[in-house]
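Both complexes below contain subunit A, partnered by subunit B and then by subunit C.
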Partner chain A sequence: MKRLSDDRAKILFEKLSKFVGPNVKQLIDRPDGTYCFREHRDRVYYVSEKILKMAETFGPDRLICVGTCFGKFSKTNKLKFHITALNYLAPYAQYKVWVKQSFEQQYLYGNHIPKSGLGRITENCPQYQGVVVYSMSDLPLGFGVTARSTMDCKMADPLANVCFHQSDIGEYIRSEDTLF
Partner chain B sequence: MGRKAEFSEKPKKGPGRKSKKQKAPTFTKSTFAPLDKDDGKLSHRQKQRQAKRLQKKVVKKPKDKQPKQVYNSESEDEDVVEEEEVMSSEEEVVQNGKVKGFSDDNKAWLKPKQKKGAEPAALEEEDSDEEEVESEEGEESEDEGKVKVGKLFEEEDSDDDEVPDDNFADSDDAEGEEESEDDDSEAEEEDSDDEDDSDDEKLPIEKANKKLKKQEAEEAKLAEDEQQMSVLNQEIFKLPEDQEGEEEKPITLPEIQQRIKDVTLVLSDFKRYRQEDRSRQEYLEILKKDLCVYYSYNEFLMTKLMDMFPLTELMEYLESSEVARPLTIRTNTLKTRRKELAQALINRGVNLDPVGKWSKVGLVIYSSQVPLGATPEYLAGHYMIQGASSMLPVMALAPQENERILDMCSAPGGKSSHIASIMKNTGVLFANDANRDRIKAVTANLHRLGINNCIVSCEDGCKFREVMTGFDRVLLDAPCTGTGVVAKDPSVKQSKSDVDVQRCYNLQRKLLLTAIDCLDAKSSTGGYLVYSTCSVLPEENEWVIDYALKKRNVKLVPTGLDFGTEGFTKYRQFRFHPSLNLTRRYYPHTHNMDGFYVAKLKKFSNTIPVDNDDDLDEVENVETTVGSEEKVEEEVPETEEEAEKSRKERKKLGKRAGKPNLSEAEIEAKKKKLVDDERKYVAKVFEKPVKVVKKKPVEEKQPEKVSENGNTKKPFEGKKNKKTKTNVSETEEKKSVEPQTNGNAKKFEGKKNKNKKSLPTQKPEETKAPVVPQKPVVKPSPPKPVEKKVVTPQSNKNVKKFEGKNNKNQQQKNQNNQKSPAKTQTPDKKKPEAKQVLEKKKVEVEKLPEKVSQKIKAKMDVKKGKGKKQIGQLKQNKKKVKG
Partner chain C sequence: MEVVKEILEKQQKDLEKYKPITVEKHLDCRIDVGTLLITDPNDLDEGLLKENKEEYLKDITRDNLQLLINEIWTLPTERVEESIVAVLPLPTTSLPRSRKIPGPKVMTKWEKFAKEKGIQKKKKDKKVFDETLDKWVPTYGFKRADAEKQKEWVLEVPKNVNPMEDMFQKKIDLRQEKVAKNEIQRMKNIVRAKRQETPRAGYLGPEAASSTQLLTAATIAKASTASVGKFQAKIAKEKQARGIGVKELIPGSKRKASHLSTVPEKEANLDLIRSVLHKKPKIDVDKAVSLQKKESRLEREAMEDGGQRKKKGGKGGKKGGSGGFKKSKGGKKPKGGMGQRAPGKKNAIGRKRR
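Up next is the complex of A and B:
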């Protein structure tokens, strides 16, 4: 458990703000105690300071995980969010995409969202904006990046992708081994 | 053309129809009067039917006669009478009604009949045709009726006329006669019935009916008896066969099934069905073998089960163990509510129901069109697939918000997540598991279910107290043999042996003690520990708890689960603490859950009791039996202390095993040598000359010590350099780190550790103290300085005190302790052997010259309790000597 280095912290917050925008603040200044980001084996954990203290009693190789894992830094120092971050991204997300019931299952298998699978989309969503993907019953399914702006979506071909898949809750099963 | 109207088929409608409906007619006697003359006779068919009935009865009678001859005469009469009674009784009654001037008895008997007048007629309508006819007959005049009856049943003419009369003229008397010959009980029944119904006109019919039923019952009984007799006969023939050439003839499964039934029958009433020359043991042996084959258990497990359950319950248990329990899920209350979840799942085509009143979060899945482990709801963490039984320990634990809770063996995270969701993501949850592969599942599940107050660690549960203590609650879902979840994993039935069980409960004890140590008795809200296993064996459940009750300041408290069978307080030779009935067992056949065990303990003091440890150890060592030496060595020792001891003993054994016998002189020489050696070793091992003498006794392997002596570390932190590499350094690091991070927790630990010190350290020394000269025999595993040695001075004091009190005890203890490594299978039997041998030796020794003999004696005393092998050697020696 160590603090994030400055450049890594920067990368993290940039990435976070892609999804939650100014709501990043709310992740850090919380009424229920101080929360912080910590790095452990290249993974970024978001955890209450209170819990963090207790976690420090464990040796580094004995400690598996504390709080919520947000993502992992690759060897090239790029941060990739894991699906586990969804717990915090979803409530603060600025832009959302809803997939049709029929496409739900396909999305959970890791497919991009074509126009035909698109149920709804937040208005004024720009291109390449990080979005959280919901099912039509408002169940957060994952997150991704819009391939087209909302306006473009309307005119798009039904088979054209409107949202690139980044992560979905199917990964809990598909890649349990690599996630943690 | 047009539509076809089907008027004919249309049912009549309208409200009027019902109201107009006639009531059932009530007939008075007079209405039938005119019919008498014409229709009184039975129609041809009716006659035929009646004749048939009679024939049947005649056929039956001979069968009836066989069983009870005394009874027969009457029963025959009654049989014959029955039909006539049915008819003639009515005749009589009617006649009686007409005729006046009866005796008092009869009047009393008749009155109600007259009042009820219409009733019987109405009732009779419901009866079959024949009876109606008969009742009609009843209205006939005396003579006619009787004559007709007489005609119909020519054979029984005489009876006909007399018996019914008897019955009715003085019914009481007649009954009295009959019944007096019947069984008393029956008589009573009938009497009471008669009194009740004596008013009723139908009494005779009922009576007849009763008799009929009685007879049928008797017949059935007889038939059963016959069957059983035949079965018995078979059994009698079978048993010897089995013993002679069991393996020769191939046995089919149905045959085995039949034999199982037969044997259980015999065992159910052994006195009656047994074969005289066969013991119960033999029957049980066969039954066990059959059950093993039929349900494909191995003999060990079947023996255990047969010990636990009475026969009938055993069969139920085995049957229901074959069937998988219904799939259950637990709602994640952090993300959804059960109602919503149920609705969502129903929409996906899942057929479900609440699991029961006892749980507000459980749902039973009856059928599902989609895989439940891959629905979007599952992936979104709305529910967890979890057996019903797995919810019980968490409910028993009853976590509160803002507590610090430890789940010691958490994989795959079902119970952990349950705890967290009850805590509503407040407080801190420690999910620990020793298995690195399985720990991933814990993390995945916790994240999926949206739990963020959790620390997942991969620590050896037995060493957890070194990491952190002071928990409010601890859940210990200990690793077990899994004999309760046979339906899930049938391989358990075949694969488990006593060694596995022993390994399990040793580990469980260790874990339980650690878990208790991790608990904080002073916690304002908690101080509770829940121990659960998915095994049904008492060795892994009650026995483990019983052990903890003796070893630590804990007591059992009610689990808070209002169902489940009570834990055993007695099992075979074991007598557990009586409060063990507060624990709960769950069985597949009674609760439709996996076999499960839940116990809830409360820690009432943070101190660790020391006094009674020795006695316990003794017991422990005697009880740890079983298995070959190699296997035993793999085993996890019950407690660290014992582990040490036994290891020492083993070494001694190994050293001495192949050696030739020593003459007295040799022994002496060796002694000296060894003493010298010791000194050498001491000099080698310890650079610091300080506690040289006391260090002798302790020579052991390194790694274990670290685990045990986590507690004892503190006092000699200064001498860290002596401790060898390994984990110690790690833990040391931790400790150095800790004070910064959470000082409070650490303070606690510090205190506890001091308390603990006394316990583990003391024991090993106690065994050693009296045995000093012997120690050298052990080839000290070369220079491995251990914390232990440093510890000795402290504990030795205790030991010495102890010694003074009772040397004998200790010697005995040594015996026992040392026996354990040999792993004698039946300790009780072997003790005497050992003693005998020793005594013999003594005798021999006494013959020797005094000096030598004394020395040898001294040695002998030391050796006394050594393992089997040694004893064996001694014997051999003797033989050689004699030879």
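Up next is the complex of A and C:
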């Protein structure tokens, strides 16, 4: 368990701000106690300080996971979010995409969203913007990146990808052993 | 009688010249007869030392030497050709080595493998009985080659081999190849043994160092400031050296980053977030200038185009509001280099535009 180095913290906040924009502050500046980010085995964990202090009594080789795993740093120092981060991304998300009922299952198997599967999309969403994907009943299913801006979506043909898949809740089953 | 008395007196006088063979010491001296060594633990008398240093030290040395000689005389002696000889016992003092004790010999690749697999060396007989020659033949060394020659005086040429090939020469070649291979393996073993002694830290020079060694050297050098490299500028895509035992070499890296620090983590994080959120895209001046140039050029072209058409008195001066330059795609012949240009290549085709 260690504090994120400055460059890694920067990478993390840049990535977070892609999804939640200025709401990143609310992850750090919380009224219900201090929360912080910690790095362990190249993974980033979001933990309350109370739990962190208890967890620090364990050696790094004994510890598997603390708090919420946000993602993992690759060997080239790029951060990849895990689906476990969805709990904190969804409430603060600025841009959202809703999938049609018929496409929900396909999305949960890890497919990109074509225009035919798109139910709704936030207005004025730019291209390559991090978005949280919802079902039509407003259940967060995962997150991804828009392949086209909202304007372009209107013009796109039905099979063209609108949103690139990054992560979905199907991963809780599919990649159970590598998730935490 | 007088003569005897005289002699005795003379002897007495002679003896007075010498000091007695018994020596009194406050503390016993340690004597190692094996190395003919005596160690005197007694303190020196400061007053006497200052008074007459040389004489005093000489006296002490004589006394100690007397003790050593006394000790030697206690050993059993024998007489060999007019001289008295004693056999010294084994030395009890252990002397320090001048060089370090050599480490264990580095195993060759085969030895290592054999040890792993539990293969044991079998001793070969020096001579074996050869049934074709009907006599005992050495397995190696003197007269072995001779015996081989006698045994294989003729060699069969297999069917699949060129009949003109010299089978004897082939055999010699094969053997030489084996010898060469063994030599290479021997060299490799030496290299392997030597490599363990090469230093891990430090700079070996651009020829000798591997990329990981260079990276380690760079990282160590960077962290070797008074502030363990905290204020050292970062290079883009800089890599941190890693590997087994590398961290121990980098100054300051052993320090554990705790959750307690001088700047509260929350404030530091909020600062970072602020900088991330207010980051403005960097202006690439070259690109902006080239874009501007391109735009103005297109504009000018559109203007020119329009003027030309007017001169011709053509029907379609301006059709619609779709912008002038699109029209140039009409009937005009294509201009060179209007599309994507290969970067870095000088555009030789077409008219030079200013």
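Quick notes on this structure:
As a convention for this text, the second predicted complex is superposed on the first by the 180 of 180 C-alpha atoms of A that agree within 3 Å, B and C clash if a C-alpha of one lies under 4 Å from a C-alpha of the other, contacts with A are read in each partner's own complex, and residues count from 1 in each chain.
Methods note: a residue touches a chain if its C-beta (ideal position, glycine included) is under 8 Å from a C-beta of that chain, and two chains touch if they have at least 3 such contacts.
What you are looking at is a predicted structure, and each value in this text was computed from that prediction instead of being measured.
Once subunit A is used to superpose the two complexes, subunit B occupies space next to subunit C without a clash.
Contacts of A:Glu56 after superposition: both subunit B and subunit C are touched. Once the two complexes are overlaid on the shared chain, A:Asp6 sits against subunit C while remaining clear of subunit B.
Within the superposed three-chain arrangement, the count of touched residues of subunit A is higher for B, of the candidates subunit B and subunit C. When the shared chain is aligned, subunit B comes close enough to touch A:Cys69, but subunit C does not.
Once chain A of one complex is fitted onto chain A of the other, the partner contacts of A:Met151 are absent, as it touches neither subunit B nor subunit C.
Contacts of A:Asp177 after superposition on the shared chain: subunit B is touched, whereas subunit C is not.
Judged by the touch definition given at the top, the superposed model places A:Lys25 against subunit C, while subunit B stays out of reach.
By the touch criterion defined above, A:Leu141 lies against subunit B but remains apart from subunit C after alignment on the C-alpha atoms of chain A.
Put simply, subunit B and subunit C get as close as 9 Å, counting only Cα atoms, in the superposed view. On subunit A, the surface patch touched by subunit B in one complex and by subunit C in the other comprises residues 53, 56. Residues of subunit C touching subunit A in their complex: 234, 256-259, 261, 265-266, 269-270, 272-273, 275-277.
Residues 46-48, 50-51, 53-59, 62-69, 84, 87, 104-105, 108, 135, 137, 139-141, 169-170, 172-173, 176-177, 179-180 of subunit A are the ones touching subunit B in the complex.
Remark: subunit A residues 2-3, 6-7, 9-10, 13-14, 17, 21-22, 24-25, 28-29, 34, 36-37, 49, 52-53, 56 touch subunit C in the complex.
Subunit B makes touch with subunit A in their complex at residues 344, 373-374, 376-377, 379-380, 404, 428, 430, 439-444, 446-448, 450, 452-459, 467-468, 730, 733-734, 737-738, 741-742, 745.
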